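What follows is a set of structures for review.
One chain, chain A, appears in both complexes that follow, with chain B as partner in the first and chain C in the second.
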Partner chain A sequence: MITKEATAAAPAPPRTAPEPPRPAKRRRAWDEAPRWQIYLPLGIYLVFTLIPFYWILLFALRPAGSTSLVPWPMTTVHFEKVWTDRGFGTFFYNSVLVGVVTLLMTTLVALAGGYALARFDFKVKRGFMLALLCSQFVPGALLLVPLFEIFAGLQMINSLISVIIAETVFQLPLSMILISNFIKNVPYSLEEAAWVDGCNRFRAFRVVVLPLLRPGLIAVGSFAFVHSWNHFLFALMFLNNQEKQTIPVGLNTLMSADSVDLGALAAGGIIAAVPVVIVFAFIQKWLITGFSAGAVKG
Partner chain B sequence: MAQAAAVAKPPTPPRRRRASATPRRLPYLLIAPAALLMLGFIAYPVLSVFYYSLQDYNPTKPWRNGFAGFGNFTRIFTEDPLFWDTLVFSAKWVFVEVGLQLLFGLALALIVNQTFVGRALGRALVFSPWAVSGVLTSAIWVLLYNSQTGITRYLADMGIGDYGVSWLSDTSTVFPAVVVADLWRGVPFFAILILADLQSVSRDLYEAAEVDGASRFKQFLHITLPHLKDAIILSTLLRAVWEFNNVDLLYTLTGGGPAGETTTLPLYIANTSVDAHDFGYASALTTVAFVILLFCSMVYLRLSKFGGEK
Partner chain C sequence: MKISILAHSAGRGRRTSAAVALGAVLALTATACGDDGSGAGGDGAEGSGKGKIVFWDNNGGVRTDIWKQIIADFEKANPDIDVQYVGIASTEYQSKVDTAIQADGLPDVGGISASMLAGFAAQGALDPLDDRLEGSSLNGKLNKDLVESLRAAGGGDDKLYSVPTSANNGVLYYRTDLFEKAGLEEPTTWERFFEAAEKLTDKGGNKFGYTIRGGSGSIAQALDAMYGQSGITSFWDATGKKTTVNDPKNVEALEKYAALFKKVTPAADLNNDFTKMVAQWDSGEIGMLNHNLGSYQDHVKALGADKFRGIPQPVGPDGKRVQVSNPVDGVGLFKSSKNKEAAWKFIEFATSAESSSKFNESAGQVPAHLDAAKADWIAKAEPTKLAADALTDGSTTIVQLPYYLPDWNTLSKAESEPNFQKVLLGDMSAKDFLDGLAEKLNEAQAEWDEQMG
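And then the complex of A and B:
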């Protein structure tokens, strides 16, 4: 309780006191770049970023064979074709399932491990940390064959479980390192204060630490979702059945056809992009704070 | 963090009793799920790759399977020109991609870190390709580059270049074409990480520098860059490993072609194992790639003096 009050009281006065003179001073410093130095390069870069997005929209919305540069008259025929005839409805469902389960598993397992790494000293800790770092150099793509044999042994080929496990495993190391850093940034004294107040370790963690981890967890979880949503090789290798495939595999099938149906490809691409772009728009703010949380508080 | 630990030290006596009340096994229980998953699905496959690298193992030619000693490795270094070609291309690919992504990502982060009207929207738009997958990137750039209705057609309408050009199937244009496609998606990664790190630079430093009359460029050189150093080292390393290993984009955009012009080592390995079923040889290649990657990373971290003060 004492520590809580102390930490709450200490930074407050300096924060409020020099506030008035600051704005004037601040503007003179680093922020002072002339406007054109911001808008010109940003504008050029935005053109480069947005043309590809516009291009795919254009191809998805204009009728096949049209060369107009505006998607008018607009048609949804490509979307209908891709969603029903090319199975993107099923692929979409599979991808959502894989993404959500991977997100949950990665976050839970990484949270447990990250807490142990942040709060305990135990015998194998250094070795475990080293293993986490080394695993970053293990290329998942190069383990396709042994992984295939393992999943074949477990009778999981053609089951989404194989893809979920593979995605989770390769997300884990980085997620765990990130989460343990987030936890380290929550003062241990807060948890100890909760113990004194009669919480057990788990309850103290849930009530005191977990709420503070929210930005970090959102960043890690969205990473896991987006990665598994986007990832292609595991699904390509482990799922042979058309009914079980995911969106990236569906896109690849469209692309590797002898004569590519550009309208269908564009519509499929937009279906693939929409969920990720929405997730991204929501989490963008947390993404920055999530990554910088450590430095700000430390 | 050091401070927090120091602060937490004094009230040790009451804490001890609590800590000893939690079972010794707790940390092990907590890391068990992660450890088991990684043992089963990373460590075991890695070991089996090492094992197969010493074997002749090809499911389609079982009569030749058996112990090969270092035969696969001598074949790599003495008889396989493709290994060297793909290794050189991998190096070129990683170097160009990571270098350009860092350069543009840093510039973008500095720009969107300024205060200006429309900043939130600008950030969201600039970062948006980050979330786009390799396969989707391929799909988009297949649309852009295709010879009939791609961007070249409209450029030709304006008198630039010829009709019916396909940048992806011409050996002289394919490299810049795939580099640009991957840049489109890769730059936001650096921009996001660097922007996150920029949030923690102390304002006071800039104000002090301002008082001392340092120009904005000098402030960047002496305050911003040193502050970003560790973040830059770590993100370039992670990205380099990722660019080396990731085959989604090249696999779907060019398939390593035309004429093997864009085949990286991992792509070559994937083709050797998936198409040719030569698992033994592919495993040996994987082992070599792994060692090269680890060695380069060590050298890089040593040279860049990562985490200087430790």
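And then the complex of A and C:
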């Protein structure tokens, strides 16, 4: 039960005198270091990191049986095979659907829950926060049987909805904590000012607070998308129809008990990785800000 | 300042929220289009012999196409029955079935190999098939050894829970081009095998004589090499209570086999599972590889059929070949099926001569159906033919691994693989490793005997 609002959670910053001019920045040792001392270790690290990706690309683009170290002559036959013969087109669509809906549901619910945690005090708030944190220690595999039974009772086995709900529920605790910390950083006085101007709580939140939460929302949303995109267990257990399976499950079936088509596996791996890489390329700027600003403070 | 949460517009807001929430729930429910897991539940029922059945393939992916073809043939012959195919990766099949057993979500029919049969049977998930088989056209048409192998793996009650589809067999693949170049003879004996492994190795040139399996699945391969060299023909001694794995002859054989690591194999073999092992053999210059019939097509695609051969395991000094058993694959009927009549019709069809031939030609394995084993394609697939001959012409003694022990998978994998890596690295002696394994196996067998009365 909500008893009072946490108005003291984020006091408005006091007005201060203008800051004195900063002293001249001391040149640090690495500013004077020769370029090669910076770029050589970075280059080695980059090569070390990128070699496995190059290897995947190599297997995906060179013909089966080729031992060439460059993907030439190039072939797209592995991509065609996994996309059409192995159903990756369908798996991709299903994964996008699960990822996007999980992103939306996680963000919306985390926003509402996070706002409550940031702005209201209620009797079991500490216990609730503790429960949220503790829920992170419970592995999904432990809950498979009860979840299966619940979804079976709701006639949701073999439906993407079961995977979306399970993914959302497992994403929510961390997302809520992140969002609540982010909201705490927005001065409460801004909302109060909006109320004075005639806004109700929802409108004040929507017009004043929400735009300031963009980095946090992007961080939480992208985290939810990437996690559900890569997550294997729930899709494997709750979906019993080939037409409804997702990319990680499909990827797993490219390896049989005694045989593996490495070209197809590499092509499937690239199809699985590309959306995540694109998402990160676009959002990395906000992601770092979002996670650092929403981080739990000691 | 204290502001009531019930703000002036809360009433309208709450109604809106409730409407949105209700709408969302209804929309989600309407679009759910799911079911309760399968058409199965409780002790099941014979059903009408019509309608829908669900089939879980225990090695989905590469076999999906051929199963879909068999299903299409079946549905054409039985227009009243609809089979829903679900391909599940072999690595995840056991956990999926175990979860489904607990949550009452099993399908009607599933692929059941000997290696996982004991676990499923112990949980009471499978229907015995003896009576159905007796009254079926399959009776007397299936390879007796394979039927008995599955019966023995079933859990000690002498019932058959899975109708065999195929037999796999250990194969020694070797590069004919490299052997010819080095002037080596075919590795048909263990002596020639060790000699070739050494002569084909040129570490500086990144050429190796052999690739050893040090990672996942290493134990079955090591046991194959041990029993093959020692010539011991039974996994248990005459009393049936003590295993022969730590027999001095086996210890000596393992020492010799493990000594190959890094001497004639890549150092990275320590973590070799079959994927890595097969990949490096297919793309490098390695003389020999031990695997089974399942990877034959991968080698053909990578190397071409003329650059390698796949032959049965080498013979020992007395000219006799001893191999450990490979799990027989089959199809089982889950007890909870509500449409057992239709499910059995599908099992009969899938293991019939025609389907068995199609399936095994695609999988490169030895058909369990005797008529399918005479099909023309077998003569053209050399490793399959040689394996089929080895399994049937009396030249090979098969050491039956104790798949019936519920702990066998744990003992032969999670509990033993890290110790085998220690043996390869020289951190543990072969004797200590085998003594430890033997102790656990003897305990498991004693426990099993006690349970069986």
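FYI, the second predicted complex is superposed on the first by the 255 of 298 C-alpha atoms of A that agree within 3 Å, B and C clash if a C-alpha of one lies under 4 Å from a C-alpha of the other, contacts with A are read in each partner's own complex, and residues count from 1 in each chain.
The criterion applied here is as follows: a residue touches a chain if its C-beta (ideal position, glycine included) is under 8 Å from a C-beta of that chain, and two chains touch if they have at least 3 such contacts.
The structure displayed is predicted, hence computed values, not measured ones.
Superposition model on chain A: chain B and chain C are shown in a clashing arrangement.
In the superposition on chain A, contact of A:Ser159 is made with chain C only, not with chain B.
Shared-chain residue A:Phe120: touches chain B and chain C both. Of the two partner chains, both chain B and chain C are touched by A:Asn252.
Contacts of A:Leu262 after superposition: both chain B and chain C are touched.
Between chain B and chain C, B touches the greater number of residues of chain A. Contacts of A:Phe280 after superposition on the shared chain: chain B is touched, whereas chain C is not.
Using the contact criterion defined above for the overlaid structures, shared-chain residue A:Leu144 touches chain B and also reaches chain C.
With both structures placed on the common chain, the touch criterion links A:Arg35 to chain B but leaves chain C unconnected.
Within the superposed three-chain model, A:Thr67 lies in touch with chain B and with chain C [touch as defined at top]. Across the superposed pair, chain B and chain C both touch chain A at residues 67, 120, 144-145, 149, 201, 237, 252, 254-256, 260, 262.
Within the complex, the chain C residues that touch chain A are 1-3, 5, 7-9, 13, 28-29, 31-38, 54, 56, 59-65, 84-92, 96, 99-100, 102-105, 107, 168, 274-275, 278-279, 282-284, 291-295, 297-298, 301-304.
By the touch criterion stated above, chain A contacts chain C in their complex at residues 2, 4-5, 7, 64-65, 67, 85-86, 120, 144-145, 148-149, 151-159, 161-162, 200-202, 236-237, 240-242, 249, 252-262.
Across the complex, chain A is touched by residues 1, 4-5, 7-8, 11, 14-15, 18, 22, 26-28, 30-31, 33-35, 37-38, 40-46, 48-49, 52, 104, 107-108, 111-112, 114-116, 122-136, 138-144, 146, 149, 151, 153-154, 184, 192-193, 195-197, 199-200, 203, 206-207, 210, 216, 219, 238, 241, 244-248, 251-252, 266, 269-270, 273-274, 279, 282-283, 286, 289-290, 293-294, 297 of chain B. Touching chain B in their complex are the following residues of chain A: 3, 25-26, 28-33, 35, 38-39, 41-42, 45-46, 48-53, 55-56, 59, 67, 69, 109-110, 112-113, 115-117, 119-120, 122, 124-125, 128, 131, 134-147, 149-150, 165-166, 168-170, 172-173, 176, 184-185, 187-189, 192, 195-196, 201, 226, 229-233, 237, 248, 251-252, 254-256, 260, 262, 265-266, 268-269, 272-273, 276-277, 279-281, 284, 287-292, 295-296, 298.
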